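The block underneath contains the structure these notes are about, expressed in structure tokens.
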Amino acid sequence: MKLATLALAALALATGADAQTKLKVGLMLPATGTYAALGTAIDNGFKLFVTEQGGRIAGREIEYVRVDDESDPAKATDNVNKLIKRDNVDVIVGTVHSGVAMAMAKAAKDSGTLLIVPNAGADAVTGPMCAPNIFRSSFSNWQPGYAMGEVVAKKGHKKVVTITWKYAAGDESVRGFKEAFEKGGGTVVKELNLPFPNVEFQALLTEIAATKPDAVYTFFAGGGAVKFVKDYAAAGLKKNIPLYGAGFITDGTLEAQGADAAGLFTTLHYADSLNTPRDNAFRLSYAKTYKLQPDVYAVQGYDAAQILAIGLAAVKGDVSKKAEFAAAVEKAKIDSPRGPFTLSKSHNPVQDFYLREVSGKENKLVGVASKALADPGKGCRM
Amino acid sequence: MFSRLVFVGLVFAGLALWPLVAGAYGLDLVIKIMIAAIFALSLELLVGATGLVCFGQAAFFGIGAYAAALLMARFDGAALWWLLPAAVLCAGLYALAVGALSLRTRGVYFIMVTLAFAQMAYYVVHDTPLGGGTDGIYLPGVPTAPLDLGKPLVFYGLTLASLALVFGVLGLLLRSPFGRALAGIKANEQRMRATGFSTYPYKLAAFAVSGAIAGLAGFLFAVKDGFVNPELLAWHQSGSVLIMIILGGLGHLRGALIGAFALALLEEFFKSEAVWGSFAKHWHLGLGLTIILSAALLPKGLVGIPQLWRDRLEARGE
Amino acid sequence: MDFASFLIQCLNALQYGLLLFLVASGLTLIFGIMGVINLAHGSFYMIGAYMAYALAPIVESTFGGGFFSTLVVGLVLSVLLGYLLEWAFFSFLYEREHLQQVLMTYGLILVFEELRSILVDDQVHGVAVPPLLAGSLPLGELMSYPVYRLFVSGVCLLLAAGMYLVLTRTRLGMMIRAGASNREMVQSLGIDIKFLYRLVFAAGVAIAVLAGMVAAPVSSVYPGMGNTVLIVCFVVVVIGGIGSIRGALLAALLIGIVDTFGKVLLPSAAGVLVYVLMALILLWRPDGLFKVA
């Protein structure tokens, strides 16, 4: 009997010792600063999936280590190295801010640690910085812009003015929009931008009025999104020049924007009224657990966990088998509340982008703006 | 005086021996703190030694970092022996220019003008193609050197050597006639000028040297991270380093050292989930309260603690 | 830019400048008159905005008041807050060096932000414009100008006038200004300088909070809103000349013009123009536009 137990133990140690030990997940998300709410939503979404699996993925119990990245790129490398070198995490999940994600991508590439990005849309993460161990469960900045470009062109608008902050996310979003819109026969007559995070829009709103375009495309997020939509309506432009935007201008901001957002069309890979069984189950589960309604960030967190689960199942809990992990995820179809999606070769979601219209306190689904839209992944060599 | 030397000696001895006991993370942490200490020392030269409160130190730090990144991208296999001085020179030159213009003003106006020039540098890096983009740029590797800078231990040695060098040079500088002139300017500039002393060249020189040292810190930071981002020049960084030296204690070089260590370790403490559990996400509260208490109870900064004890003991002895 | 657009941009510049003055005026008072560097000024602005958001439902359910009642309640609370803060913290700072004040008020920023996170939340919020002021005036065929923004500008002008009158035409103002230049002398004349300072500080806090509350329907309420506003406020005070109210007003208007027209005419440099303006003015007049003796 003793011999058998010893043999069994030896076998366990020899084969998947990992299968018995805990899997350390390092969550590098903003707990302080402007993006704290997004960090919390992603955290909630990720943990919800794990809880639904009984706290275990591929037989391994999940242990969390949290680091507040403060959305500060200057501290990013130190913070991610904390997770890699001090806490010896098996997986890193993060983050919201693209500058921070850039530093994380480098650290992940250098150390080979698995990284799943649950928000930061910097095109570079699945572009020049792509790697077999880096995955993204959210979007690239280019995608929602491109989807909206198709929509605006189809609606027959010819002259559009774009307006956003002068930073990478804004540039990439407008670039996506312009590409699709001009392909569809339209022209972007003016590209307005203001320094980040300046929120005094009046001067540029007057410019828009003077230019008299058919429509306006915009990309803003957070407090800036709330103010822009309100200012746009207050300046009387809303009834004269239709406003289109990447979904972030109306996501998580509707309570603050009130009637000023009513009727706005946006594109995003999620909507509040998808009404699919998968989404309904997710929304119910999330609301029950956190007493909050989920948003796109929660879904992205949830799907980051799904990606981890798929890969981990394929390698039977052994994260060191990176090639097999990547192969499994690249082949997989992720059953997300947003709808099923796959990952492109550069590990960015290939997903449907929905056209939504603001109705009451919801971004109601109107249709599919762009089916299975894939980011070109320029510069990715994998 | 002797006790101070012993203290400093112990600190450097500790730093030299640290790699023997530290793991990979411990090494990283202390490298980060040492770079912050170099940055803090650069500001101490201006604020503590000369009485010039500069709120734009981050610009010189960032210029050193960006010089490293841009030059390495331009020149394949850039070597440390010319790259480091080049980055330091860039930062020093910008500091010279900023100083030349800012020193026309005084007091709070001076503080704000230095901020203005830092913001200008920030916007050049953030908004123009020169900076390479708002998400930051990667360094193509590490500068070539006789020893592989990619190895943490080698880089630790380089950083420690830089810190020791800066500390030593500043220590000597402050004891030299130049340093005494700065002290005179800090104490009462009008009096200095009344005796026929031309204070402007001294202040300008201090400014340039300070900027150069900050550039050195920035250079080391860029090589360590392998990544530079415009936020390195943001006013928060200028504020952070100022907080460091005030916390540590102005007027003493070791105050900058202590402040850098203290702020980093306080942050680590309040962020630690091991201590605070899920409340750790509100670490700003603990840090803020500690800073307020320190400002209230320690008017001379942490460096003044031994003096406070001595005063207490003396008072008790009476 | 055609003439109509130019006029509208001038209006934009004026309105932004006045809003800036509203937010910066509390700082002018505390910093200019009392010589205390208060980095937490942006936090008071944020507190005002969050008060407008958080108090509104409470005020409504308690006595059915609307926006203006919330303003009054908020003002009363902020005076109390300012009074308390001065008594508990800032009174210890007058004798201290400026840099100790910097350290202390920096700590205060961290504490306030975190309290905001704990007591309210981290979400973005909006405050509704009161129905009385919700209309807009048409400006040309496409644009209209919200009445509320005119109201905000009106409040700024009233406040500027009020501050100026109190400080230059009343006994209280005289005592405050005297206390600013020579504390001991004022004390030896039998005036309770402690009470005076406490009053001025409370007023400074109240003005910052009022600015936050009044601006909330226009600017929206979000974490970190205090930090962005802080630097601009210091720029306003410094360009105008520390201690000068009309200096602050002029500086705010100048910044309004530079920011507005800069965005339209020089968008690539828009972020830095305000700082270039400050550098140029300070190099020309090292003590700001209106030097206060």
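Going in written order, the chains are labelled A, B and C, and every chain counts its residues from 1.
The definition used in the following text is that contacts are C-beta pairs under 8 Å (C-beta built on N, C-alpha and C of every residue); 3 or more make two chains touch, one makes a residue touch a chain.
The structure presented is a predicted model; accordingly, all values stated were derived computationally and were not measured.
Participant: For this assembly, give the contact graph shape among line, ring, star, complete and other.
Facilitator: complete
Participant: Which chain has its C-alpha centroid at the greatest distance from the C-alpha centroid of chain B?
Facilitator: For chain B, the chain whose C-alpha mean is farthest off is A.
Participant: Find the geometric centre of each of chain A and chain C from their Cα atoms only, then give the gap between the two centres in Å, rounded to an integer.
Facilitator: Result: the chain centres lie 37 Å from each other.
Participant: What's the distance between the Cα centroids of chain B and chain C, rounded to whole Å?
Facilitator: Averaging C-alpha atoms per chain gives centres 32 Å apart.
Participant: Which residues of chain B are in contact with two or more other chains?
Facilitator: 123, 126-127, 282, 284
Participant: Specify, in ascending order, the residues of chain A that touch 2 or more different other chains.
Facilitator: 32, 166, 195
Participant: Indicate the residues of chain C shared as contacts by at least two other chains.
Facilitator: Expected reply: 113-114, 117, 271.
Participant: Which residues of chain C touch chain B in the complex?
Facilitator: Per the stated touch rule, the residues are 37, 89, 92, 96, 98-100, 102-104, 106-111, 113-115, 117-118, 231, 234-235, 238, 242, 268-269, 271-272, 275-276, 278-279, 282-283, 286-288.
Participant: For the complex, give me every residue of chain A touching chain B.
Facilitator: Residue positions touching the partner: 31-32, 65-68, 72-74, 76-78, 81-82, 85-86, 98-99, 102-103, 106, 110, 122, 124, 129, 166-168, 195-196.
Participant: Can you name the residues of chain A that touch chain C in the complex?
Facilitator: Chain A residues touching chain C: 32-34, 36-37, 40, 166, 192-195, 197-200, 202-207, 209-210, 212, 222-223, 225-227, 230-231, 234-237, 240-241, 252-253, 255-258.
Participant: Hey, which residues of chain C end up touching chain A in the complex?
Facilitator: Contact set of chain C toward chain A: 1-2, 5, 8-9, 12-13, 15-16, 113-114, 117, 121-126, 128, 136, 138-146, 148-149, 218-225, 228, 259-261, 263-264, 267, 270-271.
Participant: Residue numbers of chain B touching chain A in their complex, please.
Facilitator: 23-25, 28-29, 32, 123, 126-127, 133-136, 138, 224-227, 229, 231-232, 234, 236-237, 271, 273, 280-284
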